[in-house]
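Next, two complexes with chain A in common: one pairs it with chain B, the other with chain C.
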Partner chain A sequence: MLWHRLRKNRLAMIGAIILLVLYTLSCFGGFIAPYGSNETNKYTVKYGPMLLGSFTIDKIYEVIDVDEYDNEIILPNYERKWNWFDGGIHFHDSDGQFTLRPHVHPLREFQSWDEYGESEFLLAEDRSISIPIRFFVQRQESHELFSLCGFFPIAGMTHLMGLAAEDLPTEQANLHTGLFLFGTDILGRDLWTRILYGGQVSLSVGLIGILISISIGLMIGGIAGYFGGQVDFWLMRLVELLLAIPGLYLILTLRYAIPDELSPRQTYLMIVAILAIVGWASTGRMIRGMVLSLRESEYALAAKALGGSSARVILRHLLPNTASVVIVTATLYVPYYILGEVALSFLGFGITEPDSSWGLLLKDCNVSEVLKYSPWLITPGFFIFLAVLAYNFLGDGLRDAADPRAYLGLSKKADS
Partner chain B sequence: MSQIASHTSSALHSSAVHWNLLARVIFSGLVCFSVPSPLAAQPSEPVQSSPAIASIDAASDDDPLPRRTRIRRTTKLPEPLPDPTIPIGTPSPPFVGEAPDDAIIENRTGTYGGRFVYAILGEVETFNPVEPKGATDQEIRTLVFSGLVSYNNGSWHTSPELAKSWQVSEDHLTWTFFLREGILWSDGTPLTVDDVEFSFQAVFHEQIATSIRDGFKHPETGALPQVSVDHDRNAVIFTLARIDSQFLTHLGAVSIIPKHLWKDHLQEQNPTILQQMTSNSPPELLVGSGPFVLKEYIPAEKIVYQRNPHYWKKDIRNQRLPYIDEIVILLVKDLNLQWQKFEAGELDIFMDLPADHYREAVAMEKAGTADLIRLGVSLNTNWICFNLHPGKNPETGVPYVDEEKSYWFHQLDFRKAVNHAIDRDGIKRTAFQGRATAIWSSVTPGNRSWFHPGVSTYPHSVEIANRYLDGLGWKDKDGDGIREDDQGRPIRFTLNTNVENNLRQQIGNMIAQDLKKVGIKVNFKPQIFNDLVTSLRDSHKWDMILLGWGSGVPPDPSNGKNITLSSGRLHAWYPQQARPATDWEARIDHLMAKMDEELDDTVRKTYYDEIQDLMGQHIPMLYLIAANSYCTVMKDRLGNLWPSLLRPQLTWNLETLWIKQ
Partner chain C sequence: MLTFTIRRLLSIPPLVLVVSLLTFLLLKTAPGDFYSQQEADPARSLTEVLRQKESAGLLARLAPKQLQQLGEFSEDGATWAFRDDGQKTPTILRDGIIVEQRLASRNLLNFQVGATRYQCDDEGVVYRKVGPIEGFFTWFRNALNGDFGRSYKFNRPVFGIIAERLWNTLTLSVAALAIAYGLGVPLGIYAAVKPNSPIDHTAGIFAFIGLSVPTVFSALLAVLFATYSGLFPIGDMRSLDYHLFGFWGKLTDRLHHLFLPAMVLGTSAMAGYMRQARGNMIEALGQDYVRTARAKGVSQHGVLFKHAFRNAMNPLVTMFGYSLASLLSGSLLVEIVMNWPGLGRLVFEAISAKDEPLVLASVLISTLLLVFGNLVADLLLALVDPRVRLS
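What follows is the complex of A and B.
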C-alpha cells in the first residue's frame, strides 16, 4: 500500500533513483574511478574538468633575463585560457578522424615567467595528440574496487575506464597525461576519484548514524512511553538536557576527546557515533509520544492482560506500530548527518587527509582564490546538495504515503 | 529538530512544480556526468563563450605580437629617499611644545595627516610591555613604548633609540648608555634615567614572570646584569656577568615604562605591575614614549591610536614625527576575512600574504589597485623531525617511543633515506604552487647574513633512498609494498601535523606519498595544534612531526637557543636533555656558548656554519621548504615604505610613514 502510493509521487521516486545512483556509484567507487583514492601528482595540480572543456595557453610576452655567464636568455610568459566544451573529452583520434571512442589530449607543462623573475607552471592541452579512453583498463597497482560504505573492501586492478599505459606518449618529459573528468585538486589528484571515495563516507555516515540514533531513540522512547511516571519524567528531562546543549559545540567537545591512536576508519565511526549520540533525543521524544498513546490501545491492553512481559509488549506490539513514522523520520534525518559530517570535516574535526569525504573535499574551497581560479573544486558541494535534496524528496514522499489522513484528503479531493 | 525538518518539507511541497523541474535538471546532469556520453563531450565549435573569455580574446587581438620586458628582480629593498617638494600639511591632533635638541633626525620627508588602517590576526591579551604575551602584544608594543635601542628591520642593524650613544669597556662587561635630554612622556612628564632604571628593575624582578628576562641570564649561574644610574652624565650603566654578543638585542626588548605612574606597583613582595595596563584598563592611563598613544580599544574589533603630541623624532625638514594622525588596527580572526577586507579596500596593507591569495594579489596589481611587494625567500621554515627521545614515561615506565621505532629513527642511514625520498619539488609545486625554495638547514637563503650555502643536501632520489634502506638490510620480504627491518618488523609510523594549517596538511600528505614509494608506510594524522604542542613538549608521544619555525627579530641564530641547545624546551627531537645525548649535540652546545661570547659577527658565522654542518650531517631535523614572502599595499597609499622580510614587514617604522591622499 505504502509502496503503491509512493510510486505515484514523482518527486519521491526521483529522489529514490538519485539515491540509488549515488549509492551505487560510491559502492563501486573504486571500480568506476580511474585512479586510486590518494594518487597525488605534483605535475597535475588544479587542472580543470575535462568533461566541460580544456585549458589552452597563449604566449603573452617575453622576458629577458641573464644567466650566470651574463648571457641574455629569453623566457616566455604565458596566459592560460579556459575553453568551454572545447577539447577535453572528444571523439576524434590523433589524425582527426571521428571515432565513437572518447579521447583526451595529453597535458603539457609550460613554465611561465613574469617580469619580476618569478615563474609558475601551467598545464594545458597538447592538441596534436589524442589518447583513447579504454574501458575495463588494467592498472599497475591494486586498488579497492568495491566496498560497502567503506567496509568489506574487494581489491583488484581492473577499472571501468582510464588511460592505458601503452597508449601514453613516452618520449616527452613534460607531458603529464591523465583522465580528469571533474578536474584535479590542489595535490593533483583526480577530483572524480576523490568524490567517489568521499561518497563512501558521506553517504554512509547518515545511514549508520540514523541506525544508531533510531535504535537509542526507540529504546528510550519505548521505555519512557510505556512505563510513564517517574521513568518517563527523568528520561524526558535527559532528552531536554540533550536538546538544550548546542549540538555543534557538543560534537566539537566530544571529537576532542577521541584518542589519537585510532585508525582513520575507527575515527570515522566515532564521529558517526558522536553525531548519533547528539541526534537521538528528538526521535526518542517522538517515539515516546506515540507509545504513550499506543499503550492505551486495545491490543496493547490485551497483550498486557494476557500476561505479556513489558519487554514483549514494547517490542512486539508497540514499537512495530511506530515503524512507518520511524522510517519517515529516519529518511528525513539522514541529511542532518550528511551535513553534520560536512561541517565537522570543514572545521577539521571530522575526516582528515589522506582520507576523503565530501566535506573534506569542500574544505579546499574555503579560500576565495579557489572559488575564483579553480571553481571546479566546488563539485563535491553539488553532490552534497544532490544527496540532501534526494533524501528530502524521498522522506517527504514517504511521509505522504504513510500518512492515511493525507491520503484520505487526496481521495476526497479526487471524489469531488 | 523535528519541527525544522517538517517545516522544510512543507516548504518543498508548496513549490513542488519548481523543485520537480530542478530535480529533473540535476538528475539528467548526473547521468551525463557519470557516463561520458557522446552528446555531452562532442567537440563543438567554440561558440557561446562567456563574456569573461570573450574579453580575454579581444585583448590578445589588440596585441598579437609578444612584447619583451626585462626581468626586474627584487634583490635589495631600498631605503626610501626624502623629497623636499612634498607639502607639509597640518598635524591633527597638533604637537605640544618643541622637539628636544637631542631628537633623532630621520632622513625622511612627508605630509601630516591621514588615517592608516591595517589588520592583525588574533586578540590583544595585554598592553603591559613588561610581559607582552602573544605575538600581537609584541607587535603593538612598539607603537606606544620605546626602548634604549631598537632594531632597524630595513637595514638589519641595531640603532639608537632613547639612548643617544653608548660606551663599552675594554673587557666588554660594562656598558654605559647616555640618555637623550629633554624627552617627555606622552603626559608631558620628563623621561629620566630613573625611568630606565625602574624599567629594568621591573624586568629583573624575581617575582615577575617575563620571558624578556631570560635573555639577560647567565647560562650557568642565572646571574643578571647590575644596573646603576649616573645622574651627572645622564647615563645608565650595565655591568654584565659575562661577555654577551646579544646584549643589545636583549636590551631592545625592554620597553621603558614611566616610573611616576607605575612606581607603587613594583613592591618587594607580590608586585602588581603585571596587573597594570591589561586590556581592560582605560586607554588614557597608557603613558609611553613611542610615536603613538592609545585612543580607543574595542575588544575583538579594533585598536585606535593617535599621535603622541610629545614624540621626540624629527625629519630632515625639522618637522616632528609621526606624520600619520591616526592608526586603526582591526582585530580579525581569520586570514580569509582579512584578505576580503583588503580586497574591498578597507585595509591599506596586507602583510605576510599567504600563498592562497597570491593570484588574487597579482590580479589586483594588474588592475592597478594594489602593489604586490616581492620580498624574496621567507625566513620561516617547514621541517619534519623524528622523535629521538630515549626516555620512559616516569609514571608508567613505558618508553615514549616504541622500541622498534626508536631503533629505526636512530639509524642515520634511515634518516638519510627519508631525506632523499622526500620530493621537495613536489611539495613546492603542490602546496606552494611553485612559490617556495627547498631548504637544507634552519637558515633560509632569505637570511643574507647567516645563510650557509655549503650545508649538506640530500636531493630527491628514490634510488639513493632505496640503496640506503637496502644497505640497512630492511627489505620488503612479504611483498606487501612495505619494507621490514632486519628483525622482520614492518616499517610503519605516524606523521602528525596541525589540522588548522591547510598548507601543512598538503605537505604531510605529499611526504606520506613519497615515503610509500620507498616502502615506508606513514600513517598521516593531522591533529589539533594544542594537542600537538602537548605531545611535543610534555608527553613526547609522537613518531614524526611536521611543523615550522618562525624567525625572530633580529634574525640571529643566537636567539634560537631554546631550539638549538640540547637543554632547550623546543629542541624538537629530544627536548630538555640533562646533558647532551650525543657528541655532536655537545659540540653544538659548545659552539652556541662561544657564539654568545664572540663579538665579531664573521667569527660567529663560522661557528654557526659548523653547527649547520653538524645538523646537516646528522639530520635530526629534516628542513623542507621555505615559502616566498609577499606583502601588498594599496596603490599610491603610503609614503616612505621600507618593506622588510622581518616581521612586521611594513609597520616596523610607522613613525616615518605618511599617507598619500
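What follows is the complex of A and C.
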C-alpha cells in the first residue's frame, strides 16, 4: 500500500533514484575512480575540471622595458585562461581525426612569476597531443575496487576508465598526464576519485548513525512510554537535557572530550557515536508519545491480559505499530547525520587527511585564495546537496504515502 | 498561564546546573589542556606556566607541611619524599638524599601519589591537580557570585567576550529571520492561493532546494560570488577604514557586510516558513468561516487577509522563538566560512585552543538562549491563540 502510493509520487521516485546512484557510485567508488584514494601528484596541483573545459596559455611574455636600441626587454610571463567546454575531454586523436573514443590532452608546465615575484608553475593543455581514455584499464598498483560503505573492501587492478601506461608520452620532462574529470585538489589528487571515496564515509555515516539513534530512540521511548511514572519522568528529563543544548555546540563539546590521535576506523566510529548520542533524543520523545497512546489500545491491553511480559508487549505489539512513523522520521533525519559529519570534518574535528570525506574536501575551500583560484574544489558541496535533497524528496514522499493521521499522532482521537 | 510560566522558569536552574556540570566534566575528560603546549616548551619558564595554571584554578599550591604528609612515593625508578624544614619550599629527598630542586623538577614534573596527580616546578613549589568535581564546585561557587572565569586565550572575563560576539550573532540571526519571514511567508501564501499551479510547483521545488542546501555549501558559494563579482566584501563585519565613515557611511558599511551572511542563513530558513505558510493557508482557506465569508460577499482580498491570513499566521508567529534558537546553531558554520565574528566562531576558536572557561560559558549562554526562545515561543502561541491551553 505504502509502496504503491510512493510510486505515484514523482519527486520521491527521483529522490530514490538519485540515492541509488549515489550509493552505487560510492560502493563501486574504487572501480569507477581512475586513481587510488590518495595518489598524490605534485605536478598536477590545482588543475581545472576536464569535463567542463580546459586551461590554455593566453599570454606568452611581458615587455618590461625598452632599451636604448629600441629592443624590447622581455620577461617570459604566462597567463592562463579557462576555456569553457573547449578542450578537456574531447573526441579527436593527435591528428585531429574524429573518433568516438574520448581523449584528453597532456598538461604542460610553464614557469611563471606571480605578482609578488614568486616563481610558479602553470599547467595548461598541450593540444598537439591527444591521449585516448581506455575503459577497463589495468593499473600497476592494486586499489580497493568495491567496498560496502568503507567496509569489506575488495582489491583489484582494473579500473572503469583511465589512461593506459603505454599511451603516455615519456620523452618530455615537463609534460604531465592525467584524467581529471572534476579537476585536482591542492595536493594534485584527482577530485573525482576523492569525491567517490569520500562518499563512502559521508553517505554511510548517515545510514549507520540513523540506525543506531533510532534503535536507542525506540528502546528508550518504548520503555518510557510503556512504564510511565518515575522511569518516564527521568528519561524525559534526559531527553530535554540533550535537546536544550544547541546541536552543533553539543557535538563540538563531545568531540572535545575525545583524544585527537585516532585511527581512521576509530574516527569514523567516533563520528557515528557522537551523532547518534545527539540525535536519538527527538525520536525517543516522539516514540514515547506514540507508545503512551498505543499502550491503552485494545490489542495492547489484550496482550497484557493474556500474560505477555512487558518486553514482549513493547517489542511485539507496541513498537511495530510505530514502524511507519519511524521509517518516515528516519528518512527525514538522515540528512542531519550527513550534515553533522560534514560539519565535523569541515571544522577539522572529524575525518582527517589522508582519508576522504565530503566535509573534509570542502575544508580546502575555506581559504579564500584557494576558493578564488580553484573554484572547482566546491564540487563536493554539490554532492552533499544532492544527497540531502534526495533524502528530503524520499522522506517527504514517504510521509505523504504513510498514513498522515498516524504521523500526526491523531489515530487515537479518530478511534474514539 | 502564569503557573505554566513559573513552572517552566523554575525548571531552568536545574537544567543549567546539569548542563554546566556535564559540559565541565566533558571538557575535563579531554586529554591535555590550554597550557600543555606551554609546559612542553623549553623556552618558557615552567614556574611561570604553573603559576598561570594555579590562577586559572587548574592547580592548587601545597604547603611544605602538607607535602611532608604525603610520605614516600616512587617515581621514575626512585623513591622520593618531601621534608618540611620551615622554609617556603620543601626539601626534596631522592632515595633519602637531598637533591637540588631544579634537578628534581625534571623527574617530578608530573607525578602521582595514590589517585591524585601533582606537578613540581623549578623552584620546588608543588601543586596538586584539581579534580573535575572539585573544580566544578569552585567554578560554580564563583559563578553564583557572577564570576564565570577568565578566558585563557584572551585573558579577559569570559562574559565581556561573549557579550560582544553574542550581539553579532543576534544581529545576523535577526537579519536572517527578517529575510526568511519577508520572503517565505508571502511566497507561501501566494502558492496557497493558487495550489497546484505552476508557481506553486516551482515554489515547492525551490523550497526543497532551500531546505537541502547545506549552509557550508551556500556560504562557500556566496564567498565565491563575492570574490568574482566584487560586489560584496568577503568576511568580517566592517571595513578596515570603518572609523573614518560618518553615521550613514557606518550604517551602509555594516549592512553591506551583513547582507551576504544574512542571505545565506535566511534562504536556508526561508524554505521551512514557506512550506509552513502554504500548509497553514491552504488549511485555513478550507475552513467553514472562509466559506461563510465568501458567501456573504467578502472580497477575495478581505477573505485572504482578514479571515484566512490571521488564522494561518498563528503557528508562524510561534516559530519565531524556535527558529531564533535553531539559527544560533545553524549560524556556526556560516560564521566560520564567512568570517563573521559571532558566538559560533568563538566556540570553534575556543575549542581549537582548548580555552575551557570560554567553551563552558558559551555553551551555557547558547543553552539559555534556546530554552528561553522555546519558552517565549510557547507563551506567544498561547497569547495569539486563545484555544491553546498551557498545562
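Convention: the second predicted complex is superposed on the first by the 378 of 416 C-alpha atoms of A that agree within 3 Å, B and C clash if a C-alpha of one lies under 4 Å from a C-alpha of the other, contacts with A are read in each partner's own complex, and residues count from 1 in each chain.
Following the convention adopted for this analysis, a contact is a pair of C-beta atoms (placed from the backbone, for glycine too) under 8 Å apart; a residue touches a chain by one contact, two chains touch by 3 or more.
The model shown is predicted, which means the values in this text are computed figures rather than measured ones.
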First (chain B), second (chain C), both or neither touched by A:Phe85: first
Which superposed partner A:Val45 touches (first chain B, second chain C, both, neither): first
Contacts of A:Pro246 with chain B and chain C, given as first, second, both or neither: second
Touched partner set for A:Phe393, first chain B, second chain C, both or neither: both
Touched partner set for A:Val342, first chain B, second chain C, both or neither: second
Touching partner for A:Ala273 - first (chain B), second (chain C), both, neither: neither
Contacts of A:Ile74 with chain B and chain C, given as first, second, both or neither: first
Chain B versus chain C as contact partner of A:Asn366, first or second or both or neither: both
Dominant toucher of chain A (residue count), chain B or chain C: B
Which of chain B and chain C A:Pro354 touches, first, second, both or neither: first
Shared chain A surface residues [contacts with chain B and with chain C]: 11, 256, 260, 348-349, 366, 368, 372, 389, 392-393, 396
Residues of chain C defined as touching chain A within the complex: 15, 18-19, 22-23, 26-27, 29-31, 208-209, 211-214, 216-217, 220-221, 223-224, 227-228, 234-235, 325-326, 328-330, 332-333, 336-337, 344, 347-348, 351-352, 354, 359, 362-363, 366-367, 370-371
Interface residues, chain B side, partner chain A - complex: 1-2, 5-6, 8-9, 12-13, 16, 19-20, 23-24, 26-27, 30-31, 33-34, 36, 38, 40-46, 48-50, 53, 56, 60, 66-74, 336, 339-340, 343, 356-360, 374, 423, 425-427, 429-431, 433-435, 499-500, 502, 505-506, 508-510, 512-513, 523-528, 531, 628
In the complex with chain B, residue positions of chain A that touch it: 10-11, 14-15, 17-18, 21, 25, 32, 38, 40, 42-43, 45, 51, 58-65, 74-77, 79, 81-92, 100, 102, 113, 115-121, 133, 181-182, 186-188, 243, 256, 260, 263-264, 279, 282-283, 286, 329, 332-333, 336, 348-349, 352-354, 363-364, 366-370, 372-373, 386, 389, 392-393, 395-396, 399
Chain A - residues contacting chain C, complex: 11, 240-241, 244-250, 252-260, 335, 339, 342-343, 346-349, 359, 362, 365-366, 368, 371-372, 375, 378, 381-382, 384-385, 388-389, 392-393, 396
